[in-house]
Amino acid sequence: MKQDKLKEVAGYPDSMSGRDMHYCPGCTQGIIHRLIGEVIDELKIKEETIGIAPVGCAVLAYDYFDIDMQEASHGRAPAVATGIKRVHPDKMVFTYQGDGDLASIGTAEIIHAANRGEKITTVFVNNAIYGMTGGQMAPTTLLGQKTKTTPRGRSSEETGNPLKVSEMLSMLDGAAYIVRVSTHDLENINKTKQAIKKAFKVQQQGLGFALVEVLSTCPTNWGLSPRQAMEWLEKNMIPEFPPRVFCAPEGVDEL
Amino acid sequence: MNKEEAEIKKVNIKADKCKGCELCIEVCPVNILSMSEAINELGYHYAEVDDQDKCLSCGRCAVMCPDILIKVYDINE
Amino acid sequence: MGEKKLMKGNEAIAEAAIRAGCRYFFGYPITPQNEIPAYMSRRLPEEGGVFLQAESEVAASNMVYGAAGAGARVMTSSSSPGISLKAEGISYIAAAELPCVIVNMMRGGPGLGGIEPSQSDYFQATKGMAHGNFHLLVMAPSSVQEGVDLMSQAFDLADKYRGPVMLLGDGMIGQMMEPVEFPEKIDPTELPPKEWATDGARGREKNVINSLYLDPDVLENLNWKLQEKYEQMQREDVKYEEYHMEDAVVAVIAYGTAARIALDAVQAAREDGIRVGLIRPITLFPFPEQVIARASAQVDAFLTTELSTGQMVEDVRLAVKGRTPVFFHGRPGGNMLTPEELLEEIKKIRGEVQ
Amino acid sequence: MKKELIIAGFGGQGVMFMGKMLAHSGMKEGLEVTWMPSYGPEMRGGTAHCTVKISTERIASPFCSHPDTLLVMNRPSLEKFQPRVRAGGSMYYNSSMIEQEISGQEIDVAAVPANKIAEELGNPRIANMVMLGAYIAREEIVDLMTINNSLAAVLPEEKHNLIDINLEALKRGYSLYTSLEKS
Amino acid sequence: MGEKKLMKGNEAIAEAAIRAGCRYFFGYPITPQNEIPAYMSRRLPEEGGVFLQAESEVAASNMVYGAAGAGARVMTSSSSPGISLKAEGISYIAAAELPCVIVNMMRGGPGLGGIEPSQSDYFQATKGMAHGNFHLLVMAPSSVQEGVDLMSQAFDLADKYRGPVMLLGDGMIGQMMEPVEFPEKIDPTELPPKEWATDGARGREKNVINSLYLDPDVLENLNWKLQEKYEQMQREDVKYEEYHMEDAVVAVIAYGTAARIALDAVQAAREDGIRVGLIRPITLFPFPEQVIARASAQVDAFLTTELSTGQMVEDVRLAVKGRTPVFFHGRPGGNMLTPEELLEEIKKIRGEVQ
Amino acid sequence: MKQDKLKEVAGYPDSMSGRDMHYCPGCTQGIIHRLIGEVIDELKIKEETIGIAPVGCAVLAYDYFDIDMQEASHGRAPAVATGIKRVHPDKMVFTYQGDGDLASIGTAEIIHAANRGEKITTVFVNNAIYGMTGGQMAPTTLLGQKTKTTPRGRSSEETGNPLKVSEMLSMLDGAAYIVRVSTHDLENINKTKQAIKKAFKVQQQGLGFALVEVLSTCPTNWGLSPRQAMEWLEKNMIPEFPPRVFCAPEGVDEL
Amino acid sequence: MNKEEAEIKKVNIKADKCKGCELCIEVCPVNILSMSEAINELGYHYAEVDDQDKCLSCGRCAVMCPDILIKVYDINE
Amino acid sequence: MKKELIIAGFGGQGVMFMGKMLAHSGMKEGLEVTWMPSYGPEMRGGTAHCTVKISTERIASPFCSHPDTLLVMNRPSLEKFQPRVRAGGSMYYNSSMIEQEISGQEIDVAAVPANKIAEELGNPRIANMVMLGAYIAREEIVDLMTINNSLAAVLPEEKHNLIDINLEALKRGYSLYTSLEKS
């Protein structure tokens, strides 16, 4: 019995490039990438999907997926996606964006893409911090959380409370599917994959804008080990950002 | 450690790329993964399979690895 | 070419874009170019294209980036403050080498300023549009017909150089009506395919539209490659017009709106027996430096005139290299130059250099 | 031949339209023309004006600080633009809205009861065509027929039902001077 | 002046701003200037000031507009793409004549580019930052100590001219550590009051901060008024440094980071017996055109060197007016100039002009 | 009995400048201005209030109020207000913004000012159109409404549905008082005044961000007479944008 | 119209600034406002008070006028 | 005197800190110093390095393509930087992590078992101080005492509890060469 005749139960997605990812040890962004890759494989849309990488730790995402990609300027991925989707309405277009990218500088772009019901899919990685630039406050930073720009911990009085992106977007008519999931354990990782898959299907069926908010770790800038980061996420982020389906089109469960 | 090269590996970990996050270790239901003493080229202790035979091919380690370094095969199919 | 039509510059330019195969427009309202999006919103759907009013100029320029990267003939238009907001996006477009057309119908600045014709975005258009070593190919029409003609070429030039092309006008070009004739319509589906575009990697290697280069060697190469394009533009695509330069001893240099007024002044001066000519740069980048350098051997003085405090005059000085005096007369901020004041300047200069 | 006109009035008086009609007719008669409006927020509640140039030669600047002709529909515009008319030029003013007798220094002045006639025709909005008719009758820049034909081209489709009444207004304005002068 | 401290340029510059009375900082993270906001977020509250991370660079520059209009000493900092996003706001700040300080720690562009030291935003900083006829006063430190010194003056200059002042550096100045000494702290409450500021019209006529001028005369006057300020800057606030220029026959011209490297090359050339000097513009706007014009009577050639494809070289050429050959050597995009390659250039030029 | 001894029951607010306003005949923006002026008078805060004019038809608002004012760039009034308020936390700061200004280009700024709980007051004039630039679609333009950039009527498929700003902002923790009112008749005008007054009081008491969305007419760009415009507002806008208090701090009614 | 200048005016409308929007007319409970035949300097028919005596000093017209052109006095205080 | 060093290793090995310690000590001894880090995303998971210059003269460029000294903590950095060391220069390498014997062409090479000693002291994170101690012992650029004093200035407050162990590591590194060479 030869190794290469065995059935692979877990492996490397076809729609990823095989390049080593630059993420820090234990950063769950790598997991999220793989899930997207698997969904693209399973939906057989590798040759009809165009991805948009953000400015953020995932800036090099264009290197990791083996599909057509555009690298957007910081926060503007939804606008770039809109430009692409309007030119190729029959293609699948997705953005991958961090919480600084989507919820701070790119607030207007995501809200208007959602409100237009732009037929795109957004994977929104909420790690409560600016990873790439070395750990500044994000709109989703928790109260009391210390970051490079909240050295005394985030204070509601000075900077407000963590911004609830999914809650807010789900109010918009154009938002067809808005869901929050997490990556802090296997069960949640599996749910994340299902959510991403649905979000792509919603696009395939032209139902409107779909967004999956994924809670993710940043061991490096949280100053924790990867395992501790998983625990921190569960203990601190889950209560503030409870995973939930905020809105879904009729029959999305059967998709 | 595997006794010889020819042996069947249910779990394959790219040790040279491993960043030593230890996330795979924790999720293995049969506790057959552990961290190496040695350091790889990247400067990390890497994950190793202690006993391939005990592996259930459940794939949990692979689902957890952020760097997609783990392949799991099912020997029973 | 068909029958002559009396049209507003903005609408004529929009129609010319459609005839040149432009099918996508992303923009945000701002005076004095509002007739362009209004026209596009009517006409593009008729041609199977898409008009989308973006949430802002920032979004608009990034939509253009996306659509251009996806292989489309695409444009946006705005006016001064809106162009400033597009700056970052334009830098990305240039860096990712994406062809597109950007119209700037300038207005008086800085800040909110005014909405009257103005030429105070010359520096921005030709030099410092945004961060990084890049330029746009910039063309400045001075009549509605020329607006149409330049727009017809703009998309081809954008494709030729894989970069952004700017049509630089102001409220004069945009708002006035003149008779125009249009070229035949191009079918955009018959244009050469863009092998590099992101349209789903069907049966081919993936394409990436990008401007991040962490390896300094790669980034340096990109910079020099862009530089080579600009040199090629200087060799192949400089446009200008000369009037009465044959025997001129004073050359007025003006573009766009100012050139229309300057021409009145030149004609008046000729009637007064002064041998004055006009050089009108049509491309501002690449700048017609050679024709001006040549002229500097012929004339005793240059008079650059702009609706600004003096911007293009620097490029004139760079071309002249001190060989001949270069004078400047400008009216910034919305007040119009008059042929009378220019005539006076011409006479003064004639006196000074004699 | 070279004519430089400013046409001015309140926002709603159709002065832009007058200018377009004139420019379009000039074009149709093979002349060079430009039409340049005032634009932007100043129009809101204020006065509006446009500049029209018609020439047998290529037109350099479309702007005009000193027109040779002023067609003026209301008092504020008259106050603003009359002083700018070139010596030897002419001014046509809407005498229905500018009640005092106006006389020009070094310019030729014609009073046109544009609103009065328009109201006689039952629509004050066509005072502009009365004025235009009077102007072309008196100065013969373009043919009345050309102007009449321009209506269909310059009026947007949805207003083509107004062509007849506009024609009527043009005729009434025109006859103001053709009859007057021929008498 | 106190004891010497070893500090990162970014932090030293931030501390210098606080000592100069700056109490308000609005900014958005971007490499390589992140130590400035980080430092400010720690220190400003200690001084009774406010640090606020804005939602974007666009918002940051408009917060600066508001705070400056309200009479505060206020600053922001960013790097290339972020500065492009601030462009519209900066144009408003200039038009409304508001004093403030903007730091640009440049990185390689265009687009997202890279993060290594670069000088490719010279055009943007000195000429075409945004729409309209305006400039910033631009200063480029080439050591951490100089960063501190210039920052100390920046707020006063901003007040003097009622306009934006830019400190232009890059990752070298921002990231490196050098020993620094600081001047004494200023108490911002003791600065002369700003009569024009909006702080509630208590017992006085209302104040308006504005840049809209629908009357072209008023807008034109503003434009000329700004122009006068720029002329005053040229008369009163040009800064530069010269090295070994006494007997130089070749003058290298470089600023900031490139000047540090050029100095190594100049010293090496001197060791080889070549009479070469260095002119280092410290203010880039106003540009030290007179010192360069004077030098053009002395030297046989200029070599301008920049971490760009050639931007400041235009200002050098404008100053030289063709009297002396001006050569250029640049490395754009993140690769560092080396003293070795510059030495070679110097030798080549020496050969050519002899 | 002399005229000047009579009691003035309705007159000209002290905190306005007396300058003629440039608004079109029957445009209700003039009414909104007067209400703000009256509130400033009544709260006696003329000498401690700083207003921010938008880019929009109200761009000249700085001419009409007799208080310190700043003219902001298009959409950025909340950022400008933030800058001012942080420098003068003891002063009253308000922005006046149109629906293009606030709900389109300025989306990010208003959301983040609200989320920070910035202690400012915003008067948001929703007239379902871009007035100043001659009648283009606003995010609040109604479905089917014809504008310069929706010549066939706004279509949900292409541009999404009217954006519900108050609904969205009221989701944010920092938003203390969010209310929608109208100007189409006397009763609603009076309610508008009360709402504006409360919104200033909320700021005075440091309770957080306050916004009054005021439905307003644009006879010029709607192509209607002022009276018809009032009716159109009532008939078409009120159902889409029902006047309501979306959130209010405890005890705001007693303010 | 007022019979003589000296008479007390409860409602004062700045006719020269009136933009003729007619909004005041509609809200008067006693219908004493109407539009002029004549046109003012701005080119508009302007609002006029037909009968000051009937005025209730209710102020409704003033609340409605977008251009703040109406002052209302109460004669009874 | 003029020294140009590159100090390189993995992100977590404290190479930036080594450079700062050296620069700070140079400053304290009245010398001109510059410290220039590599920065930005490349640090993520990759190698990090800094350049330190120490001189009796004003320092022009803080960059350095060809150092005279390389302190190198791991193999990838060794591969990257060794070829850049100037002829006649010297290299100190962490022999605990670079196992093969390294020899330099035209450069002087010293093997420092930095991690081994650090582990003996119970903390692999102080291998950097072992290396630094060894370097200053062998080249006498700055005094050990100055280096020791710099610890308190360069370490952030919250890490001052680590001063002692760092001192120990410096000493161990230092004695490596003082004893070695004196033997």
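Note that the chains are named A, B, C, D, E, F, G and H in the order they appear, and that numbering of residues resets to 1 at the start of each chain.
We adopt the following convention: a residue touches a chain if its C-beta (ideal position, glycine included) is under 8 Å from a C-beta of that chain, and two chains touch if they have at least 3 such contacts.
Nothing here was measured: the structure is a model prediction, and the numbers come from that model.
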Hey, what chains does subunit B share as contacts with subunit D?
none
Among all chain pairs, the one with the most C-beta contacts
C-E
I'd like to verify one number: the distance from the centre of subunit D to the centre of subunit E, where each centre is the average of its C-alpha atoms, in whole angstrom.
55
How many angstrom lie between the centres of subunit A and subunit D, each centre taken as the mean Cα position?
63
Which integer distance in Å separates the CA centroid of subunit B from that of subunit H?
36
Which residues does subunit C have that touch at least 2 chains other than itself?
31, 52, 55-56, 58, 81, 88, 92, 96, 111-112, 115-116, 210-212, 214, 336
Considering subunit D alone, which of its residues make contact with at least two other chains?
40-41, 45
Residues touching two or more other chains, restricted to subunit B: which are they?
19
Which residues of subunit G touch subunit D in the complex?
19, 39, 41-43
For the complex, give me every residue of subunit C touching subunit E.
58, 80-81, 83-85, 87-88, 91-92, 94-96, 106, 108-116, 120-121, 123-134, 210-217, 219-224, 226-227, 308-309, 311, 314, 317-318, 320-323, 331-336
In the complex, go through subunit E and note every residue touching subunit A.
28-31, 34, 37-38, 41-42, 45, 51-53, 55-57, 81, 111-112
Interface residues, subunit E side, partner subunit F - complex:
24, 26, 50, 52, 54-56, 58-60, 62-72, 74, 88-89, 92, 96, 198-203, 206-212
Per the contact definition, I'd like the list of subunit G residues that touch subunit F in the complex.
8-10, 17, 19-23, 26-27, 44, 57-68, 70-75, 77
